[in-house]
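The following blocks contain the structures, represented as structure tokens.
Shared between the two complexes below is chain A, which has chain B as its partner in the first and chain C in the second.
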Partner chain A sequence: MHISEGVLSPAVLAGGAVLTVVGTAIGLRKIDYEAIPRVAILSAAFFVASLIHVPVGPVGLHLVLNGLMGLLLGWMAVPAILIALFLQALLFQFGGLTVLGVNTVTMAAPAVLCFYTYRGLLRHPGTPAAIGAFACGFTAVLLSGLLVALALITTGQAFLEVAQLVLLAHIPIMIIEGIITLFIYLFLQKVRPEMLEGIYA
Partner chain B sequence: MHRLDPRGKIGVAGLFAVLIATAQTYTTILAGLALSLVFLALAGLPLRKVVARLLVVNSFIFFLWLVLPLTYPGDVVWELGPLSATRQGLLFTGLITLKSNAIIIILIALVATVPVITLGQALQNLRLPDKLCHLLLFTYRYLYVFEEEYRRLVQAMKIRGFQPRTNLHTYRSYAYLAAMLLVRSYDRADRVFQAMLCRGFHGRFYSLRTFYWQRRDGTFLAAALLAGAVLFCLEWLKPSLG
Partner chain C sequence: MPSKWWRGQSHLLQSIVQLSVFIIFICALTSPGLAHRAIIFAYAEGDTIHTESKFVPDTPVRQGEVQVLDRKTGKVLLTGQTDDQGKFSFKIPAEAVAQKLDLEIVLEAGMGHRGEWLLRADSYLQGVQKATAQPPASTSTPVAAETPAVTVDRQQLEEAVNKALERQLVPIKEMLTELTVRRTSLPDIIGGIGYILGIFGLWAYFQSRRKRNP
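For the complex of A and B:
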């Protein structure tokens, strides 16, 4: 979920911006020129994923796929997510310039974390990998929700209830993301295993 | 407006976005909003489209309106059964709404009017890391490829009678859709890169376009800085108002 402009306090905005700059610097160092088209593809995929609406009961939820981004890119997910969010701010005005840092952190930090947490599990084909893929999608959205809530609460206690509601709204998304990430992983493993080589590196 | 140097416009947009985001008083934010409307008028964009865009973007703000006035501690001004809205809560939510829209309007007027390709070059010119700018340009290029491919795949699914429901089959189909999209685009990215290598790519884009800093850019920047200073004074000299 994107946080809009003008909601968060300057301190939170600055903190998000600093973390994003550091993460992007680390991510960019890992990208060589040969990898740029590949990272751009996933960046664009992350952007387009937000256009895919999946029905859950009466409402449509859009995909996030930040777990998948982490799984395929590791640290490189940070610049990729930054670019996708920048373009979303530019073309649709979702999110914004001053919240770009915070929004990048809430999406990219879980991606990187999931990559390192579940990499071991994903290396074992079969059931462990399947569990790892589901957990990757699930945890990434869970952590994103927690980070959004954290950003809101550190801005002011007034946002406590809003933060709780935001977290609540993330619960169905977690489950859907887990399932979708699992199936995408299984598909890629079957059809194009070389795309998953980052896990084994 | 559209002939101004994009580097200047990016700088000015960034300056005002930060100024308004950090402001806490109604005076400053209303001044910022007025300023953003001036930029919008100068940009000469179709008003109806801008308003429609703003309505969509404000969904998070609408959500805040539903919750914040009811939960913010303060004097109760309005009650309905167990719900009660506070004056402070309403004021606070109003402040956020104005702030958010002022920044978004500035973004629309100053940055969203620059073509993304030009923007990428301008950012590179402003000393952002080369790789990041390349990533931006490539991503933007692929967005449309991806979208087209996505529509094609969705059409293919529809022809085969796919109806989205809340079940595992639907989720699996959507996952395969996303995965297929990735696989096809991955292949495409490979081919594009090979084609670029064939044409002698070695990590640099050459552009026929060069940026010229002209007198009108200087005037624009000076006026913007002056307005920025006014906003700054409004905020810091009268913190008690609001």
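For the complex of A and C:
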């Protein structure tokens, strides 16, 4: 999912950077004192998830966890993902500093979108919430793949072709992410229900 | 009793155990490593340049597009495609030899993955000069019969040694290029987590101060 340096045009890079700044500003305003540990832990989880390598498809794929971040953080996922991506670029050479904005948008925008889309389902405990949690993890990766394909249009690669390739390659990841998001949701519901009630009251 | 605090929390413990088992299961399904960084490296052997492309740590890039550019002007000298082992070899272009160009070899692995390798002129020119110098040397041997046999022998010996050396050096060149690829280490990962927790810890600290003295 990380787009490398030197692939995209300056216009796309600038667009990504602007959107990231706006999203980060909104996210930062939403972080209150109680939310800080939650944002920190999920940012760390996202940072490490990219190292968990799933050997399917032509290219080894890794977990993204942006659906889970959307589910638990909403807008606050943007600064959390930005920090994790910044450190990944610095320490692992994933992506790069100039592409930081675009990469943040491709991963954080689906997180925020899924938060609002599935909020309704997640408010009803039981089966609807469980379906919402799975769908949240599943759709976030799907949307990220589409956004990557969209960003690559400008490089002359045909959208449909790339989108097809990215999506086909990520189907297993979508399912795994859906299951992981579901399990962590169920776990939190059992152990820390007050945390979820705080978000989906 | 404080030492038996977990007695009343068996429910919580059970859930934590369940989640840990699940996470270990997922990790067992997957192998630790790095995806999503494409790299290419190149070395010269005689008048040929060999390149190898892979996704870190060790998946070959199949049918990736390789471009060879002049570093200064950015002019594309040639393009090619990697095979199933991620390899692509090409004869050094005459233009590059004549102008002693530093070659920038770029890999486009698709889905936004890209890798670069810089091959400096002095690291491939030597082999080319030897290769082009060889034919005249062999044709001149009959003429050189007048010259003392010792010098011819020395010349041949030198050529033979050079050839053997080059053959022996290939695996070492490959190893060296592999070593220059920066790999993610455990300290990187732990350090990164530390940074993240530290950043948010600082933030929590300043927020808590603001709360105390409004």
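Note that the second predicted complex is superposed on the first by the 176 of 201 C-alpha atoms of A that agree within 3 Å, B and C clash if a C-alpha of one lies under 4 Å from a C-alpha of the other, contacts with A are read in each partner's own complex, and residues count from 1 in each chain.
The working rule: a residue touches a chain if its C-beta (ideal position, glycine included) is under 8 Å from a C-beta of that chain, and two chains touch if they have at least 3 such contacts.
Because the structure is predicted, anything quoted here is derived from the model rather than measured.
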Chain B versus chain C as contact partner of A:I180, first or second or both or neither: both
Which of chain B and chain C A:I3 touches, first, second, both or neither: both
Residue contacts with chain A in the superposition, chain B compared against chain C: B
Touched partner set for A:S50, first chain B, second chain C, both or neither: second
Touched partner set for A:A40, first chain B, second chain C, both or neither: both
Contacts of A:L97 with chain B and chain C, given as first, second, both or neither: first
Touching partner for A:Q88 - first (chain B), second (chain C), both, neither: second
First (chain B), second (chain C), both or neither touched by A:V191: both
Residues of chain A contacting chain B in one complex and chain C in the other: 1-8, 31, 33, 36-37, 39-40, 43-44, 47-48, 51-52, 54-55, 63, 83-84, 87, 91-94, 162, 165, 176, 180, 183-184, 187, 191
For the chain B and chain A complex, residues of the former touching the latter: 13-14, 17-18, 20-22, 53-54, 56-58, 60-61, 63-64, 67-68, 71-73, 89, 92, 96-104, 107-108, 111-112, 116, 119, 129, 131-132, 134-136, 138-143, 145-147, 150, 164-166, 168, 170-172, 174-183, 185-186, 188-190, 192-193, 203
Residue ranges of chain C in contact with chain A within the complex: 11-12, 15-16, 18-19, 22, 26-27, 29-38, 55, 59, 62, 108, 110-116, 182, 184, 188-189, 191-193, 195-197, 199-201, 203-204, 207-208, 211
Residue numbers on chain A that touch chain C, as the complex places them: 1-8, 31, 33, 36-37, 39-40, 43-44, 47-48, 50-55, 58-63, 83-84, 87-88, 91-94, 148, 151-152, 157, 162, 165-166, 169, 176, 180, 183-184, 187, 190-191
Chain B-facing residues of chain A, complex: 1-8, 10, 13, 24, 28, 31, 33-34, 36-45, 47-49, 51-52, 54-57, 63, 65, 79-80, 82-84, 86-87, 89-94, 96-98, 158-162, 165, 176, 179-184, 187-188, 191-192, 195
